[in-house]
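Worksheet: the structure to be examined is printed underneath.
Labels run A, B, C and D following the written order; every chain starts at residue 1.
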Amino acid sequence: MKDVNYRTVVAGAIREEMERDERVFLMGQGVQAGGSYMTCEGLFDLFGPDRVRDTPISEDSVVGCAVGAAITGLRPIVEILYCDFALRAMDQIANQAAKYRYMSGGRMAAPMVIRTSCGYGASRAAQHSQSLESMFFHFPGLKIALPSSAYTAKGLMKSAIRDDNPVIIMESFQFYRTAGPAPEGDYTIPLGKAEVKKEGTDITLLAISAMVPQAMKAADSLAGEGIDVEVIDPLTLVPLDMETIVNSVQKTNRLLVVEGGTKRGGVGSEIIASVVEEAFDHLDCPPSRLAVPNTPIPFASNMEDLVLPNSASIANAIRRMLR
Amino acid sequence: MKDVNYRTVVAGAIREEMERDERVFLMGQGVQAGGSYMTCEGLFDLFGPDRVRDTPISEDSVVGCAVGAAITGLRPIVEILYCDFALRAMDQIANQAAKYRYMSGGRMAAPMVIRTSCGYGASRAAQHSQSLESMFFHFPGLKIALPSSAYTAKGLMKSAIRDDNPVIIMESFQFYRTAGPAPEGDYTIPLGKAEVKKEGTDITLLAISAMVPQAMKAADSLAGEGIDVEVIDPLTLVPLDMETIVNSVQKTNRLLVVEGGTKRGGVGSEIIASVVEEAFDHLDCPPSRLAVPNTPIPFASNMEDLVLPNSASIANAIRRMLR
Amino acid sequence: MEISREILIGMYSKMLLLRRFDEKVVELYRSGMKGLYHLTAGGEAVAVGVCSALSQDDYILSTHRGKGHYLAKGGDLQAILAEFMEKQTGCNRGKGGPMHIIDPSVGMLGANGIVGSSLPIACGAALSAKLRRSGQVAAAFFGDGAANSGVWHECMNLAGIWKLPVIFVCENNFYQESVPVSRHSSIQDLYARAAGYNIPGYGIDGMDVSAVYEAAVEAVQRAKRGDGATMLECKTYRFHGHSEADPTKGLRYRSGEELAAWLEKCPLKQAKARLLERGWIADAELEAIDQRCTQGIEEAVNFAKSSPDVPAEWALKDVFTDDQGEICHEGC
Amino acid sequence: MEISREILIGMYSKMLLLRRFDEKVVELYRSGMKGLYHLTAGGEAVAVGVCSALSQDDYILSTHRGKGHYLAKGGDLQAILAEFMEKQTGCNRGKGGPMHIIDPSVGMLGANGIVGSSLPIACGAALSAKLRRSGQVAAAFFGDGAANSGVWHECMNLAGIWKLPVIFVCENNFYQESVPVSRHSSIQDLYARAAGYNIPGYGIDGMDVSAVYEAAVEAVQRAKRGDGATMLECKTYRFHGHSEADPTKGLRYRSGEELAAWLEKCPLKQAKARLLERGWIADAELEAIDQRCTQGIEEAVNFAKSSPDVPAEWALKDVFTDDQGEICHEGC
């Protein structure tokens, strides 16, 4: 299986789903030209302006359009380039899309996908570097997927498009430059199944999105010191595969969660609070979080490096926890 | 000291601050007529249309106006009746107000107050019953206060207005019908100081906003069973008085957090994750959360009662934890 | 366009149903029914005039003040009252309540508790109809207050670029809760803004059901022809307070004379006068219509009252489709 | 209004400074300077025409494409270049970067990474000026893309009701990234929408600095008289790609002929031709102006380069005022 570029895979997954199901269509700023990050390349030529729709800068209403289209039988995909811009669309995302099925008492559903990013490390500063997965997952009714490889980008995209619920797919734009194996043809990855990226016995390292490669690097370097790290990528936060996480913690007796978002109210807090509820007696030391230390993301790269976790700070945290 | 109605206290606190400092002014939908919950009664007559401003339904832009006024020397207060509506204003709240000081490298500040509610239990259903304090506190740069009595409503309001940073004050509308002692004249309550509502030795019960009276009731009834609960109201979530919380847990060795918001990514997750980091070895049982079980808030009152914690479910949870 | 006797009588009957429904809601609310109720009275002509121009499978999107729209669109009295009374038989199983009536079987895609937020959903439903080439139209009701929210602008622009089969129905009742339109809007004739989106906009007497109906028929035709959206600004008035939480009928912020003047223009009064004037109806028939309305409502109340309460555990269902089984697209 | 020689030469010089600055940024970016850079070239007349009508203590609010606005308002070359180069001496201590230039000392209240989000802040600054009776005006720059975001509508309405001393300056460069205005906007003359808010709106040739200046002077006078807001839609073009991340100058989605035609209308070319035509300037003076620009920029680059890097630990400061000491209201 030869390596494929992450963004090519994203475009390919959307293409295959649009070919399979004519209810699927795409809206976003600049998607007709292939998207700002070229994750929609070629789609306009294949499907034309009805199904590949450029939009104005109207995030809230475009998401709302997706809700309206979804509850009347279509399967829209909306691209919001940076999740920072999704703050403009929170009413439609959280008050409408997330709650439609519930408020209707199960009479309607809003099968739609919001593709957005979570990213940092590119000197984009405070308004283009947020990772807001924990904001989204606070609202019941939204599924959240964070593919961290070409392979998962395709399989999760397909599952998301076929899901009958609103799904937010967050792609770290750091991945757009990467490539990896992704088979041709149809396959899906179930929403709600974590991936054990590396087995290990000393500590469970749960890594979110762009932190996955950092975690793997840290695990690698710690292996040289005789520390055997189990690395888990949850892939989806809603549903969350607590079984895999808890099983791992029961084996390793230690947990570190690493993410690129803000520490306070981040994914780590939630996972730790859940793990202590379910596996408290298995924990040999306090479960811990590595995240952005409650600052916005600064512009200067040395400052950005300081606030964001990386393989070195992950390895250090693990050394401290195993001391 | 005679009891004063909570809403009268709110209006009074704003009035005193507007008298004290002519930079303070108020914007909101219907504030000229006293506000939908009459928390601004009398202000228009005293201060007129320049300083008590009715607004259109333009939450995002009105918050943005407050940012603009704040960074140029005034001290705006914006009322957003329900925090659900603040989802319309998340860009200005989280991308602008919260980050202005940081992005400017300390050259500007946005001293402003957003008054909003967190509330439930009034058969208002999914879009008028959210408690979004944990969404707000995820964004560094915002202070968050949740006064739970007439006394704290006044003292925290004054501190918030005088603070040089954006402060979100969340008032549960359940309190609007209550009254309590609140001294005449000037006093402030510092942001960042928790209140130990009742001392106890068996368990720390940390309660948020409208859960405070429920917690007190639960503690009362448990006292009859010989269970001695320590009830803490953090009053502000940012800054959070971790010292008081950790001290309490070190004494009681148990922690339950109760809130009216969604469990996943709620205040409880954050506090528990922080407490296990700082006081793991003092915990005799897994710290636990009581919150809305990851559903939107339903309309029917029996369903709403089921998803929301109350004194009975709090007492039950504590009994389980002490078993 | 000449409106036929049959249509005018039909519209009068619907308006009366809405009025009697309001009265029943007030009664039930006063005796303890839960929830926040924003009533229709005064605005019947807008709801009925527009919905009478639509077919069953056309869509409407509504507001917090959505009960009248639902009934005008052919909504089920039993289902809505059972919903208010927290019953299993409620159209949304007790999860929605008065601000969230959703009933796809008559094309009612949703009332909304967030002002203006149904506008994008209407655009999406219209887009969907267009992409599916179903010939359906979506009508979006909204108030003068909603017209100054950002989503309104975004939606007008989207409808303009995409030539969506949508009708923007502004119910300008001169107030956004306590705030008069003169204080929340920089112009008073909101329809004038439509030109900025290449959308025809009309100012309509919203107390005259025939005028609303005629304008709506034209708008529906435009949409079905593929010529896109229309904005109808219907000047109207609400006879109640903003919600039933305000029993003063809003007299805290508006004058009794103003209210009295508008009561004179009552859309039911006007329609009845026209029917009588034309000799299209006799007193006995008027009486019979009223009895049918009252009786239908009474029966629905009884149905609702005798329905079983919604089980509390249902609160945990319906967050995701997986909680409950299959996705449902009734009425699409 | 007759524009004096002095003013025109001043504006020409400013425009040239902006152009040379762009060129320097490209050079630095190509050799590794971090960040996302949206350049001014093509839009100089709008930035300079408007800012020349403002006083130092008037406010501007800007966009992602904000470097030119800042310099036109009298911004500090050293401070901005040091900011780009992540230096202690940067106007925002390395925390802001190219999308977040903020410098209250010249009334630059902020560029903004979120399209349209500076509009409400401009309204707030104008409201503040009005309440403080300071006589200040706020000018808000925004693009054709921003004009279709909800906040634009809300802000126009607020400015209309409250008669705010604000100038809405639309830089219609016909593209929202790759999306042409014909695809994102339901009308092409955006200023026509101003009437819907009771705000005078004008279409201006944004490649003609004198035309922009004259319109801006009138708008400033209107604001200072207490007559409220003005919208100026300046038709212009960007000569670069959307940002320097696109080195193709946008030729992926727009034609070379189109670009060439607009290059002909270059605002610098036009201003220079006018100066020469009127005999207001000689070649030597033109040369001297260019040298001054280049030299100023060169000095600033050197200053920035020789400044110490921002210390990484500063990342942890300035979240709250308490982290750092006193609140600062420079320039208010």
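We adopt the following convention: contacts are C-beta pairs under 8 Å (C-beta built on N, C-alpha and C of every residue); 3 or more make two chains touch, one makes a residue touch a chain.
Computed from a predicted model, the values in this text were never measured in an experiment.
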{"item": "Selected interface, B-C versus B-D, where C-beta contact pairs are more numerous", "value": "B-D"}
{"item": "From chain B, the most remote chain by mean C-alpha position", "value": "D"}
{"item": "Separation of chain B from chain D, taking each centre as the mean of its C-alpha atoms, in whole Å", "value": "40"}
{"item": "Between chain D and chain A, distance of the C-alpha-averaged centres to the nearest whole Å", "value": "36"}
{"item": "Between chain C and chain D, centroid-to-centroid distance (C-alpha), Å", "value": "45"}
{"item": "Numbers and ranges of chain A residues touching at least 2 other chains", "value": "55-56, 58, 60-61, 84, 87-88, 91, 95, 102-103, 125-127, 140-141, 294-296, 298"}
{"item": "Where chain C touches two or more other chains at once, by residue number", "value": "92, 94-96, 100, 112-114, 148-151, 154, 157, 161, 183-185, 319"}
{"item": "Complex contact set, residues of chain C against chain A", "value": "59, 61, 90-96, 100, 102-104, 109-110, 112-114, 117, 119-129, 131-132, 138, 150-151, 154-155, 157-158, 161-162, 317-324, 327-330, 332"}
{"item": "Residue ranges of chain A touching chain C (in the complex, touch as defined)", "value": "25, 50-51, 53, 55-56, 58, 60-74, 76, 91-92, 95-96, 100-109, 111, 140-141, 143, 164-165"}
{"item": "Of all residues in chain A, those that touch chain B in their complex", "value": "60, 84, 87-88, 90-91, 94-95, 98-99, 102-103, 125-127, 132, 134-135, 137-141, 238, 261-262, 264-266, 268-270, 272-274, 276-277, 280, 283, 285-289, 294-296, 298"}
{"item": "Footprint of chain C on chain B - complex, ascending", "value": "29-30, 32-34, 36, 54-61, 84-85, 87-88, 122-128, 293-296, 298-307"}
{"item": "Residues on chain D engaged by chain A in the complex (per definition of touch)", "value": "34-36, 83, 86, 92, 94-100, 112-116, 145-146, 148-150, 176-179, 183-185, 252-253, 309-316, 319"}
